[in-house]
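Each structure below is given as structure tokens.
One chain, subunit A, appears in both complexes that follow, with subunit B as partner in the first and subunit C in the second.
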Partner chain A sequence: MTFEYAPAPESRAIVSIKPKYGHFIDGKFVNGRNHFATINPATEEVLSQIALGSASDVDKAVIAAQKAYTKTWSKLSGKERGKYLYRIARILQERAREFAVLETLDNGKPIRETRDIDIPLVAAHFFYHAGWADKLDYAGMGKSPKPHGVAGQIIPWNFPLLMLAWKVAPALATGNTVVLKPAETTSLTALLFAEVCQQAELPDGVVNIVTGDGSTGSAIVNHAGIHKIAFTGSTEVGKKIARAIAGTNKKATLELGGKGANIVFDDAPIDETVEGIVNGIFFNQGHVCCAGSRLILQEGIADEITEKLKARMSKIRVGDPLDKNTDLGAINSREQLAKIHELSAAGDAEGAERWSPSCNLSDKGYWFAPTIFTGVTQAHRIAREEIFGPVLSILTFRTPQEAIEKANNTPFGLSAGVWSEKGSRILWATQQLRAGVIWANTFNKFDPTSPFGGYKESGWGREGGKHGLASYLKEGK
Partner chain B sequence: MSRLEVKKTYKLYINGAFPRSESGRIYEVTDAKGNFIANPALASRKDLRDAVVAARAAQIGWAKATAYNRGQILYRIAEMLEGRADQIANEISATSGVTPKKAHEQLISAIDRWVWYAGWSDKLAAAFGSTNPVAGPYYNFTIPEAQGVIAVAPKDEFLAFIDSIAPVITSGNSVIALVPGASAVPAMTFAEVLATSDLPHGVINILTGSHDELAPWAASHMDIDGMDISGIDKKKRAALKEAGAENLKRIHNFDDAQSPNRIYAFMEAKTVWHPIGV
Partner chain C sequence: MSFYGIVDGSEGSLKNFLSQLPGVDQVGAEARAAMLATRSIKTTSKRWAIDTAISMVDLTTLEGADTTGKVRALCTKAVRPDPTDLTIPSVGAVCVYNDMVLIARTHLDSIGGKHVPVAAVSTAFPSGRASMEVKIQDTQDAIDAGAAEIDMVIDRGAFLSGKFGLVFDEIVKIREVCGDRAHLKVIFETGELVTYDNVRKASYLAMLAGADFIKTSTGKVAPAATPPVVLVMLEAVRDFYAMTNRRIGVKPAGGIRNTKDAIKQLVLVNETAGPEWLTPEFFRIGASALLNDLLMQRMKMDDGYYASPNYVTID
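What follows is the complex of A and B.
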């Protein structure tokens, strides 16, 4: 007798998507000139037309943000600023299901994740930062630290609304105003957030949203009226931004790529570890900068872990992101799918051994089965380059020192994982690892109170916690 | 008949040794009247690369040393500097043209800086770390850690040189100081202080010579993690930052001579999560 899951689709009736969107500038939706389609990556259905922001749109947004900064936002007390953020947090909670469904439609990630992780964390970020607004004297930045002015924020498509929250909440709490550009493929929840700003009666121009592509982002980075850049995305683009602002006084935080090592010692709790490995690489289709994409197993348990991992992967449900039983949703775009195929093919060509469970993947939409490669060496591209998909590279080690050397052998330094039942070994490993976020006996956990960000080429600065505020403030006296 | 003074050869300080520049080049330092004082080594790109290798090898052990131990070694530098105070003050005065009184004040400030930073080594985690009350059954904390190998380019002044190196090594970084002009003379005598201060070889490396020549090589070097360019002309900073973008170097300049921010700017915050349960 077998048990099968019946389909359990979340209704999409809760969202209403307009056929066409403009930008949100100075508190109002304004028409764009040129548009591009945004699609549901699970079905390739066109959801709406998104405005392609030009340099002149960015200019208008920056002017609105400057005006709001000087006329209203910088004159408000921290207490009042905080109350706006609390309002936003509450409205986000009220409209959480609507945001979750819309995010799943536009991004392709499972409703289980948008409903239980993304959107609750979004509200939590606003609630947390709301409380900071009138307590900045205690942020470790001296007495009466000052905002920079207008923050230009460019966010990625993997956690669209969550990345918006990571950027907008601390910027507003510290008294900055914002020009934000969502990712080209995932603008819809940012545009819905603009409605939340209106419902919260946030003063006009405090948050401006200009949709578009890389050229729009570049116009933000290079605009003379922007004082601080916050970017999450690829290391390649991060370096371009660093070069672009080299001759300016602009501050920048950069949250960039990663190739996170997930180290499993031979005394690790096997079943929990297998769950953690799955969460580390298959959460959000592996579209996670801090994914545990390099599994580094101690030799004595490598076979056992790999076999149990395969058994567990066979139970991963790949399919309709709106189905509440779905574990692995759609790849976000055709371009990203092509990149995953290309790097996986490199894994085959370089001699690693590929394995995937059998999956019924739809002909429509962008799909990639959960995949592992065994026999991976440090020289392989799949061990060095960020795949940003549900593809895990498995390496092995004999001594703890070797594990650390392999883990640190990368220009990235965003995340790492350590699995062991021995406390002293965990703390030793976390000391040796050159990464900004280390999960011990867990993986891919996030919280607004907890600073997040990378060493080395994974970026500049931190987001979240007291540390995240610092990048939005000038030190007080 | 007066005795002829035995003069010192000023060389570089790399990995605890005093090599000449591999390039064989020197430059002349004179006093205000043009009288010859010394021929410091004019360091080359190859010297810089050697210094990076030494600094990288030394950094791991230096960062692993306890904060208490690092603090004691920084304090030991102050002790040793006190003993060489007159010699270095004389060199500052002769090479920079400041009055003996001003030179002495600079030297005293330099000694006191080492004492001040010595006291910081074991307070950084308290000042810049946190435990984070995450909404779940996890113990979550953030600690600051040294970034790695940092190059510093102070202006041509002995105290500015001390201001650039002391905060960087306090946290466990190693440093390569690019010392320009006449301050090479007191800086290299200071290297003798370091050689007797229990500081592990390679933690501080001193290259004398030209910022214009060395700073661009440092900015583009892929095994240097950060740079303090406080002593670089404002117009020349952008090019260094552009070159440093290739490995996303942390490049800073500072207005404050003495500040914990000069330590923290070259640290990374590391956040660790661990479940709580029985």
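What follows is the complex of A and C.
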């Protein structure tokens, strides 16, 4: 007999989902209109109905945020703002399991990741920024730097609550108020966060949440009362935002797409490198803008790494995201699954060799087996375009210089990885790479103290750390 | 001489081979072991894991205060871990000092435990500080008394000062003494080797020299069988099998005291070396207190509640 792991599902009894949601404006839940369904992508079960925010909903939210900014939030000392952030952070920790289960239901990512990574990082972001709130004089922005006012924030579906934390925590710590739009397919944890704001007795209007689609986002971007835009999402939408705010006084940070290069030199620690490759591309179903989606292997070890990677991929457990032993969950939406299929088909058509371990994928819900393509060159679409799914393109190199050239030969520049046991080689390579985040002998590690952001078409500005504060502040005297 | 066609046993060939092994990234290895420790093993799979773990226990007593009475009691328990439930498998082996081998073997045979082998710790266990003649005699004695498994220690002093040839020769000589009469387990004392790179090198050194099993620790030094150490050793046996087609066993020993820890070890085996290693032939757990916790967890699964510790025997 073999060691089969019996199902170990996390109970969903801890969450209560309302049949229908409105928006959260001026400290109150208000009714919305034109509802659309939000589903569990693992089962296609309808979880709830989400309101499609209109321009007038956005307008109400911006007015509430302006009022809160002038009447309360900008009048509070940093120390007082910090108290609210600490309170929110503690409530998030207390309700961590509830958030983890809800995020898994709405997003499709495994409970192991929401429980051990997403939600702990969310709390860490609030704790970290709570500490900054009364120390902004030391943020490198001069004496008494000032907030912009109302920040319009638009976040993606891959890390719904974590991206909310990346945006809301620094905005509040620096004294801005917020109008936030969660992604169309993953609004539920943002709406639960609104409850946390009430529980923490955050002054009304400091955080406003308007749900909806691209039209709602566009209403936020174009609203005259918004002073700063923070967006995480695709490069395509990022470019539209840049065009929309050109010529205005609006500040913006944009966290966009990526095609991260993961470079493996022949003196790498092989077993841990294979783990890092898996973590780089199969973490969160590859729905990660900084995913290590291009593996660039030194020729001498390419076969060995590929073989070991295949053996390791055969151990990846694909299935029910609520099962505590699941490693790879569901693809977030039908549209995203179609995009992954389309780009993978392009890989086949262009002559790359596809391999996946055998997986039992459910008929219901959106699933894609972990996949690698070997024999990929720079000219393949799957080496150039962001797939945003569990699909890895494998390229090879002979000299270190060639590795760097291939890694940098992309319009993106968000992340990169270097694997080597030789310190000098790591330092040399990381100096040549044009990417905002570079990991050495690890991948996809996040920390609120570390700035995150891209070069080139991967975005503007940084989020997290001291650098992240700068985009929410005007230079003081 | 050639060992698997990979080294010739000379200092130079060993240094060459061991220095080209890939390094172990400490942070990465520990992260992987920690991730595997989050596996949630419930219901039927837990039941299977508990019985499998019982069958893999090398039930051990290695005290200066050991008596013939204690060894006999241990043997009785090894054959029938719970006298009230005969569906429970016998343990993997009984592990004792050299002078207790005959007592253990005789007692096991007299109570229907012929299928339970006796393992003897050897080569001046636990320190390994004795002349080669003494180590050989120690091993020969134990085999003559009926030991079917020899748990030898390596000379850590020699290993740490880079004298790989010396360590290798000792293992080869003890391997010769064992011949086909006894299985050879080679103990590294990973708590003294300290780094994972050393654990990986020691693993290959022992496998090339003819070990049937590689074993983490004596149980006398902490830390002992930590999950990352076992992970690195499991990777070594997996890769050695790919190189030579010979499957070497792994025995963590020391610090595995409860069911949860034991199941974590089985998960490590399952997802690193693979299910082929999940038999007492290729995986053992050196322990003494562990067996009672496994028995109590087994009772809990049957009865739905935790029994008093008085329902399991203390020796």
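Simple rule for what comes next: the second predicted complex is superposed on the first by the 476 of 477 C-alpha atoms of A that agree within 3 Å, B and C clash if a C-alpha of one lies under 4 Å from a C-alpha of the other, contacts with A are read in each partner's own complex, and residues count from 1 in each chain.
Simple rule for what comes next: contacts are C-beta pairs under 8 Å (C-beta built on N, C-alpha and C of every residue); 3 or more make two chains touch, one makes a residue touch a chain.
If you're wondering where the values come from, they're calculated on a predicted model, not measured in any experiment.
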Side-by-side fit of subunit B and subunit C on subunit A, or clash: fit
First, second, both or neither for A:Trp439, with subunit B first and subunit C second: first
Touching partner for A:His467 - first (subunit B), second (subunit C), both, neither: first
First, second, both or neither for A:Lys315, with subunit B first and subunit C second: second
Contacts of A:Gly276 with subunit B and subunit C, given as first, second, both or neither: second
Apex subunit A: angle to the C-alpha centres of subunit B and subunit C, given in degrees as a multiple of 10: 120
Partner chain(s) touched by A:Glu4 [first = subunit B, second = subunit C, both, neither]: second
Partner chain(s) touched by A:Gly238 [first = subunit B, second = subunit C, both, neither]: first
Dominant toucher of subunit A (residue count), subunit B or subunit C: B
Subunit B versus subunit C as contact partner of A:Ala268, first or second or both or neither: second
Lowest C-alpha to C-alpha distance for subunit C against subunit B (Å): 5
Residues of subunit A at both interfaces, subunit B in one complex, subunit C in the other: 441-442
Footprint of subunit B on subunit A - complex, ascending: 124, 140, 235, 238-239, 242-243, 246-247, 254, 256, 411, 413, 426, 430, 435-442, 445, 447, 449-453, 455-457, 459-460, 462, 465-467, 475
Complex interface listing, subunit A residues touching subunit C: 1-8, 112, 116, 267-273, 275-276, 315, 324-325, 421, 441-442
Subunit C - residues contacting subunit A, complex: 22-25, 27-29, 31-32, 38-46, 48-49, 52, 232, 235, 266-267, 270-271, 275, 278
Residues on subunit B engaged by subunit A in the complex (per definition of touch): 127-128, 130, 132-136, 138, 140, 142, 147, 225, 238-239, 241-242, 244-248, 250, 261, 268-275
